[in-house]
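Worksheet: one structure, shown below.
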Amino acid sequence: MSVVYTHIRRAEPAVLEGLSRFGVATVHEAQGRTGLLGPALRPIYPGARIAGSAVTVSLPPADNWMIHVAVEQCQAGDVLVVAPTSYSDAGYFGELLASSLAARGVRGLIIDAGVRDVRDLTAMRFPVWSKAVYAQGTVKETLGSVNVPVVCAGGLVSPGDVVIADDDGVCIVAQADAAVVLKASEAREAKEAKTRERLARGELGLDIYDMREKLAKRGLVYRPLPPAE
Amino acid sequence: MSVVYTHIRRAEPAVLEGLSRFGVATVHEAQGRTGLLGPALRPIYPGARIAGSAVTVSLPPADNWMIHVAVEQCQAGDVLVVAPTSYSDAGYFGELLASSLAARGVRGLIIDAGVRDVRDLTAMRFPVWSKAVYAQGTVKETLGSVNVPVVCAGGLVSPGDVVIADDDGVCIVAQADAAVVLKASEAREAKEAKTRERLARGELGLDIYDMREKLAKRGLVYRPLPPAE
Amino acid sequence: MSVVYTHIRRAEPAVLEGLSRFGVATVHEAQGRTGLLGPALRPIYPGARIAGSAVTVSLPPADNWMIHVAVEQCQAGDVLVVAPTSYSDAGYFGELLASSLAARGVRGLIIDAGVRDVRDLTAMRFPVWSKAVYAQGTVKETLGSVNVPVVCAGGLVSPGDVVIADDDGVCIVAQADAAVVLKASEAREAKEAKTRERLARGELGLDIYDMREKLAKRGLVYRPLPPAE
Amino acid sequence: MSVVYTHIRRAEPAVLEGLSRFGVATVHEAQGRTGLLGPALRPIYPGARIAGSAVTVSLPPADNWMIHVAVEQCQAGDVLVVAPTSYSDAGYFGELLASSLAARGVRGLIIDAGVRDVRDLTAMRFPVWSKAVYAQGTVKETLGSVNVPVVCAGGLVSPGDVVIADDDGVCIVAQADAAVVLKASEAREAKEAKTRERLARGELGLDIYDMREKLAKRGLVYRPLPPAE
Amino acid sequence: MSVVYTHIRRAEPAVLEGLSRFGVATVHEAQGRTGLLGPALRPIYPGARIAGSAVTVSLPPADNWMIHVAVEQCQAGDVLVVAPTSYSDAGYFGELLASSLAARGVRGLIIDAGVRDVRDLTAMRFPVWSKAVYAQGTVKETLGSVNVPVVCAGGLVSPGDVVIADDDGVCIVAQADAAVVLKASEAREAKEAKTRERLARGELGLDIYDMREKLAKRGLVYRPLPPAE
Amino acid sequence: MSVVYTHIRRAEPAVLEGLSRFGVATVHEAQGRTGLLGPALRPIYPGARIAGSAVTVSLPPADNWMIHVAVEQCQAGDVLVVAPTSYSDAGYFGELLASSLAARGVRGLIIDAGVRDVRDLTAMRFPVWSKAVYAQGTVKETLGSVNVPVVCAGGLVSPGDVVIADDDGVCIVAQADAAVVLKASEAREAKEAKTRERLARGELGLDIYDMREKLAKRGLVYRPLPPAE
C-alpha cells in the first residue's frame, strides 16, 4: 500500500523556464481556467514566483516521515507537493528540510498543511505555499506514498506535473500539456499587453471588448440617480 | 432589474482630503462606532491609506461583467466597492482592470470576494481590500447593478458614501455626515495626542481616565498572588 | 469574582534572555512538544521575536477595561496575554495602550481577539500576536481579572509563565521549567547545527537519521513509475 | 444615538398569511433572487416555516439588553430580527425571552449570533434561526437601537419588512413589495407544479426547458467514455 | 512524559444527580458565567442531557491509542473528555469504543475532534459532543496521557471535574465547587420559574427587571418611526 | 473543452447491493483508509445510507445548467456527484431536480456546494450530502462537463466509481476495486462483531488487542493521582 515511485517523467527544462515567466493567473486562463489549487494556500513571504516539476507526497495527518523519504526523489528544478490524507495544520516542514531540498536544487514546497521556521525560510529565500504557519511538531511513525497522484487543497496533482506558484496561489499544468500551455500563455500575454496599453491611455473595457450592445440586449438600463433617498 | 445609476453625488474634495489624514479606527470612533465593514477584508499589501467616494457594484458570484460597466461611472477620487450577491472567492479583478481604474484616478478597490495579479497590483501601488487572493477566473454572462446600495462584508454602502481604508480595514461614512465626522475626527485626534504624550511619559490610563473609583465600586479587588498553587 | 493578583513571580532575566535567542519551534520541541498556543494567533508584522513574563488578563467579549487595569501590573520584560471569555474579534488594543506598555518596557502583546492601529504599532515596532485585525471599538463596562490562569487560543497561560513568540506563533513555558527548557533548547540547537551542515552538503535525512531499515520493516517499497496512465 | 422607533408600519395580515404558504426558495426566486440572508443562519430544529413583520434590533456584541427593550415593540405576527454590531456567538436569547415573545404572539427569532436553551425552545416550538448555539451569557450594559435598518447575516433588514424563514434559511421582502411578491410566488408555484408533474413522469428538463439547442450552440459535445485509463 | 493517573477523586453521586437536572445554560450562569467549552462542540443527536465526572485524555492528532488506555480508568457515572494536542477532525471514536464505555456505565463522550458510526451511536443512545463527524481512521502509534488537565475546545478540564452537557453545549464545574454550584443552580432555577410565569402572562422584562429608569439615564429615546424614507 | 461522456461503466448491481449494507467507516477502513470525501459534506437529514455508481458533474460556481444535462446520463442505481470549479454555497439543487432524478431511480446527490428545498427533499426521502443549505438561486449560462474525473470535497471521484454515503459522510471506491472492497468489508464486519460482543461483556480493548506490553515498551507509566494541587 505504501510505495515510492521512482524515475518519474518531467517536463522539458525549457518549458519550465518559459512557464516561470508567467504568473499563476495567466497560466490558469491559458489552459482554460483549470488546474488551480484552493485559495487556502498562501505564500509565507511575498514576491516569489516559481515553476517546477511536482514530486508528490501523500502522508498521514501530523506525520512527516514521508517527506524525508521524498527528498531523495527530488532533483534540481522540482517542487515538492505534500498532501495529508486528513486535515492537519501541524508544522510538517522547517529549515532543516529546506536546507536539504535547497541542496538538491528544489525550487519550493506546496503543502496542504502547516510549516514552521518561516523566519529562517524567508531568510533562505526558500519559498513555501502552505495552509498554515504553526510550530506544532509532527511524528515519524506511519508510512505514506511518494509520487502517487494526490489531492492538494482541492486540486489533483500527479507526479511530473508542472507546478506554477506566485502571490496569487498555485496552478498545476499536466506534463503532457505543458508545451501547449506555454504557447497559449505567451499568446495571452501578448494580447493583454496591447489591451493594457489602451486601458492605461483611458480607453474603456466596454469599448475595447465591444460589450455595450450585448449589455443592452440583456436589458441593462442607465438612469440618473434619483434625488433625496 | 439591472440598472446603472449615473451622476451620483459625492462628498466635497476638501472633506475627502481631510478624512484621508485619519485612520479607520479614528473615523469609526468619531462617528459613534458605526460604519465598519467586516474583518475579512484585508489589504493586499501593508501601508496604504485612502479616502474616496464609493461607486458601488452588485454582481453575481464569479461574474465580473459589471465591474467593466462600473469603470465608466468612476472619476478621480472614487473608490470602487464590489459585492457579489452570494459568497465567492473567485478572482474578479486583476491588473488590467486596475490599469483602467488608475487611468481614471480611482484610489482603490474594496471587494467582498477575491482578486488576482497581486504582485502587479502591489508594484503599481493600486490598493485593494479583499476577502481572498485567488487566481480563479470569472465569466461575463449575467447582469448586476451599479450605484445601488450594497451590503459589503456585512456593512451597508450607498453610492457616494465616503470610504476610508487602511491596514485596520474599511470604514464607511455616509456622504451627508462626512463634514461632521471630519470635525469629530479632528477633535478626537487632538485629544488623543495629549493622552499619547502623557502615556508615553509613563502616566497610567487608570489615572488619566480616572477609572480607579469606578472599578472599586464595581467590586474589583487587589490581592497578592498566593504562593505555591 | 474579579481580582487583580499583584506581585507575581517571574523567571530569571538571564533565562528570559537565553530563551529569546531561540524560536518558538525550537522551544516547543525542547519541552516535549507542549505549550503552543493555536495557529490563529498571527504577528501583525513579520520578523519580531520576543521572550518575556506573562501578565494575564481574562475579560469579557468586546470590553477592554481590564487591559487598562493590567498595564499597572506590568514591568520591564513582561508580555501581556489577553483572553476574552467568549469569542471576539473586536479591536481591544491600539497605539495608545501600546504607548503605555512601551513606556513600562513591556515587550509585546498576545491577544486571542482583534487589535487596531496596526500601521502605528508597526511603526513603533511594538509586536502583537492576534487573531484578527479589526477597528471595531470596545466598551469599558464589565470587570474581569488580572493574573489568573487563562486559556488563550486553546493553550493554558499562568501569570509569570514565559512567553516566546515569533513568526511561527506563540509558545508558553511554565516558569518553574524555564531554566531546564533553556538548557534543552541549547542542546537541541547545537545538535541541529551539525545536522544542518550535513544536509546543506547534500547528505540525506534518510541516512543521517538512519531511517532506511525502519521504513523497509514497515513495508515501504520502491518501484519505477509505470508508463502510460 | 440610541433610539427606539415605535409605531412601525407592517404588511397586511392577508399578505403575510399568503407568503407563509411558500418556502424561502420560492419567495427568493419570485422577487428576482434578492433578499436572502446568509447561509450561516440555521434553524434550531427542522420543519418550522414562518412569515411575519420584522422588528429589528441593533445591539453591541455579547449584550442583550436591547432585546428586552424590543419585546415591548412586538405584536402578534411579528418576527424579531437581532444583529450585533460586531461578531458574536454568545447566547443572547433563551426560553425566558421566548416565553415573553410567545405571550405577545411573536412568530420567531432571527439572530446573527448565538442562542441557548434550545431544548426548551424546541419543546415550546418557538422557532429560531441563528448562527450558533452557545450557552455563553451576555451582559446588560450598553444601549443599541430598535427598529433601525440592520445588516443581519449579510442582508439588509428594515423594520416592517416581511421575514420568511424555513429550513432553507431566511428571506426578506420589503414591505412595499410584499403584495407583488406574493402574486409572483403564486404564479411561480403554479408553474412549478406543472413542471414537477412532467419531471415525475420521467420527462427531462433538457426537453421541458428546451435547452438542447442552446447547449449545442455553446459548444457542448457528447462522446462515449474512452476505454482503459 | 506519558502518564496514566489512576484513582482520581470524583464528586458525590448525589451532587452529580442533582446537577443533571439542570441544563448547561443554568449551571454556567449559576457559577458566574465560567466553565463553558467552545461552541464548536455539538451533540451528534438532539435531546441528550448528562452530568458526570471527567476522565481526561490528552493525545496526538489522529491517534486514538490513549482512548483504549483511558477506558480502563472509567467507572459508572464518568464522562470521557478527549483533547488532541493539535487540531484534528479525524474520527477517533466509534461504536466499538462506545460499547466498551457503555459496558462500564460511562455516560458520554466529549471530544475536541471527530467521531464516526454516528448512526450506531444514536441507535445505542450513547451521547457524544464533538467538533466533527468524520469517518477518517486514526492510528495507534504515539502515547499521550490520561487524567492530566487538558484544554478542550478552549476550556480547561481537570480529571474529576463535573461535566454537564446538553443541546446548548458543554460546561465544566470544578469538583470542589460542585455542591455549591448545585445550590446556586437550584436557587437560580427557582427564581426563573417565577419570572417565567410572569412573562408567560404577558408582563414585560422591562418592568419585572425594573430597567426603564436605567435605560433612560443611559440616554435611550423613543420616537415614532418617521414616514417615507 | 465541455464534454458529456456517455455509456460509462458501472460496478455490478450485486456488488453495489452488498456494499450498501456497510457504513462509510467500515468501507473506508476495508480499503486501507482511503477514498473519503471531506467532513464538510453533511446529510440534509439523518439516517440515510446509500451505495451507487457515480455520475460526475464539473460545473462553474453558482451555475447549475450542467445538472440538467447530467440527469439524462443517470440510470437506476446511480448517485449524482457535483463539484463546482470554485467555491460556492449557492443552492444548485432543489425538489424539481430531485423529482427528475427520483423518476430515473437515482439514489441520491453528493454536492460540494449548497442545496435548497430541504423540507421537500426530506419529505420525499431523497438523500443529499452537501456543504451548505442555502436558497440562493443559480444561473444557466456557462458549460461544464459530465462524467469527467472531479475533485469533490477534497477527494477524487471518477465516473462509475462506487459512492457510499451515510451519517458519517461519503466514501468513494474505485469501480475496479469494488468487489475486493466488498469482501474486505464483510471480513472486517465479521471480525468486529466478535470484538463488539466481547467489549459489551466488559472486556477491555487493552486486552483484546493485546496492547499492554507495547504501551509499556513505549514508556507509558501508571501513577495514582497526587493529592492537593
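We just call them A, B, C, D, E and F in the order they show up, numbering each chain from 1.
The rule we apply is simple: contacts are C-beta pairs under 8 Å (C-beta built on N, C-alpha and C of every residue); 3 or more make two chains touch, one makes a residue touch a chain.
Everything numeric here is computed off the predicted structure, so don't read it as measured data.
Hop across touching chains from chain C and tell me the fewest hops that reach chain F.
Each step joins two touching chains, and the minimum needed here is 2.
Considering only chains that satisfy the touch condition with chain B, which of them also satisfy it with chain F?
A, D
Same or different: at the chain A/chain E interface, is the fraction of residue numbers used by both copies above or below half?
same
Go through D-E and A-F and name the pair with more C-beta contacts between its chains.
Between A-F and D-E, contacts are more numerous in D-E.
Provide the C-alpha centroid distance between chain B and chain C, rounded to the nearest whole angstrom.
Averaging C-alpha atoms per chain gives centres 30 Å apart.
With centres defined as the mean C-alpha position, give me the chain B-chain E separation in Å.
Going by mean C-alpha positions, chain B sits 39 Å from chain E.
Quick one: which residues in chain C touch 2 or more of the other chains?
Chain C, residues with two or more chain partners: 1, 33, 36, 39, 85-87, 89, 134, 136, 229.
Each pair of chains that touch: what are they?
Touch list across chains, by label: A-B, A-C, A-E, A-F, B-C, B-D, B-F, C-D, C-E, D-E, D-F, E-F.
Which residues of chain E touch chain D in the complex?
Residue list for chain E touching chain D: 23-25, 28-29, 33, 36, 39, 42, 46-47, 49, 166-169, 171, 192, 195-196, 199-202, 204-206, 209, 211, 215, 218-226, 229.
Looking at the complex, which residues from chain A come into contact with chain E?
Interface residues on chain A, with respect to chain E: 60-62, 85-90, 134, 136, 139, 141-142, 229.
Please output the residues of chain B touching chain D within their complex, sorted ascending.
1, 32-34, 36, 38-39, 85-87, 149, 151, 154-156
For chain C, which residues count as touching chain B in their complex?
Its residues touching chain B are 1-9, 45, 65, 68-69, 71-72, 89, 91, 94-97, 99-100, 102-104, 114, 116-120, 122, 132-137, 140, 143, 147, 158-159.
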